[in-house]
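Chain IDs A, B, C, D, E and F follow the sequence of writing; residue 1 opens each chain.
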């Protein structure tokens, strides 16, 4: 019997959407107030969804206290940080919610055993969110 | 890389579930208090889910400020309106949450480029909701 | 020892803000889209806050199952109704959130024993709400 | 036209995760504070998701007042109960969120007509949840 | 300048409302399903509200990381426990939400410096809650 | 008859808690991860609570569309900005949630007519918030 277990964690970070190869006007036109030079920030909600067989010995798809530790080990490099300046993946990549979901998914995928399917939901504000399933 | 972007908007409308070809007793039996003659109303929550490739130039599946404008252009004919009396589709169609989801999906489908998959989630109350994926 | 007990109930109703002694333009200017002729509606959240001594025999300020029944007996005349057309108090009174809070407070005050203080919080949308304490 | 209708209900129950064939140390290591001998409890949120054709006569996939009654008839054996002691399925089965989802799904599947697909989402806390689709 | 700082923490516990000096019928009549012999449980939300002067050196009324530690040190004796069996105060006292609020307030009052006013909000379910201000 | 009307708006900003007259160690000890040099950010929820007489002509304490415009005119200097670098009040003042509440209250107090009482609630994360009533 397969089920999906879900674990939610929150983190807070600053970021900015800006392409240095575009002028400020073009950045403003595409990214709007998200391109502001001094950064702004969000409380992100990350929901990690892991699908697999229910282990009859424990009744768990995955022990959520282990999953929680994996998520927190990933998030400690994002929480209370500046995504543009502090996260290596964003040196060349725009820290949009979509790209942030991809980066978080890749980091989590390295930690979560391959027998499990992985999907993440990432909320940037109460109105905007992204789901990423690893392509 | 494909992802799903989600945008939420809210609107408030009056409606009534009632079939004129049924007598009041039958309407009451099937639709209960939702059939009340003077209408009642809800704060609807619409969640629009658009799936497509992440554009490497912007980091976006779709620019959410454009998606927001599309949603608002659709919702201005539903917000602070009476679904039965003011929305043409409901002259012959019951404004159930299911049918409202279909109507909103159809209107959004006309605006959102065909290369994107579209799914909507529509909440009528904190207990009742519908998901529609266009058949 | 005094404490405040809180009970939440939800109801859905249609309404319209409109003064017949004003022309449509003035109504539109003051009440905006809330003045629409065919009504619109909301999911209201009512939070009833009762303050009194904790009864040492039951550990209760007030038995919440009794309070729930009082609230529901009041709300059955508002839920899935049209406030303007179906609620006597609004024949001459504008069904603004403020006035609705006053009307609900008055009806609840008649049912809740006088030894308790009564305050209500009434939410019209996730952004707008009113608190009324009985003057 | 197919849609998914969603209905949410809440219930409160006590439980404990503990295998009598393991010693206390092993139970503590795997189940942590969830293994505490005197039980603890949760407010569970159950979200029932039913997928099927929209009936053109009613505009409903399924009448939500019927679905609500089915859910409540199932939940009355779980609400304000002790899952380990009061629910027959958990005499031999660990009442993890995953297994509780399976048990609730099985009971609901018996009541909901076979032409509908059934998925449930079960939230144990605001951080932990499970989705089960019946294998 | 005075302000109120608020910190929320959650915990999960089992309990039962039952007076041994009453027969089961009387217990059922007053406490309903909350009197069930095998306990049930809740996810409690505790909101601690501390009022005092804003310290010009830190910009804080109280350092929330210190407040968080105080709250957690109190809650570790309630979280994943059985209120009736594991918490000394409830050997003779009914673990109603009101009494639980009083007990938590008393424990927090011992830890939070006397120059601050203390109020707590305690939610038992999404519909029921209590506010206690220390008499 | 007096009532309190409540209007909620959200904004997103970056900030940092850091005193240049302290060394990094002292900053870290008091402000923890909030002192990070590259800033982090939050989605703030601002709840404005205005108390006054209900105007019998409109049924309003205050027209919420006017209140909304006042709040938005204030927030446009905070939304998608860096509190430390972009808001003049924080050149010399730590942008703690308490101080941010004071600054927002002062700006709103200038706009909201003096006959109304003003209180604000400001949420920094789902766990931390502040209430300020103007001393």
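Quick notes
Rule of thumb we're sticking to: a residue touches a chain if its C-beta (ideal position, glycine included) is under 8 Å from a C-beta of that chain, and two chains touch if they have at least 3 such contacts.
Since we're looking at a predicted model, the values are computed, not measured.
Following the contact convention of this document, B, E is the list of chains adjacent to both chain C and chain D.
Between chain A and chain E, the least number of touching-chain steps is 2. Distance from chain C peaks, on a Cα-centroid basis, for A.
Between chain A and chain B, two chains of identical sequence, the interface residue sets overlap only in part, with shared numbers making up under half of the total.
Averaging Cα atoms per chain gives one point for each, and the point farthest from that of chain F is the centre of D. With centres defined as mean CA coordinates, chain F is found 28 Å away from chain E. Averaged Cα coordinates give chain B a centre that lies 34 Å from the centre of chain F.
For chain C, the set of residues that touch two or more other chains comprises 126. Chains that are in contact with each other form these pairs: A-B, A-D, A-F, B-C, B-D, C-E, C-F, D-E, E-F.
On the side of chain E, the complex with chain D involves touching residues 10, 12-15, 33-34, 36, 38-43, 79-82, 85-86, 125-126. Across the complex, chain D meets chain B through its residues 1-9, 49, 54, 57-61, 63-65. Here chain E touches chain C in the complex through residues 17, 19, 30-32, 93-99, 101-102, 126-133, 135, going by the rule given at the top.
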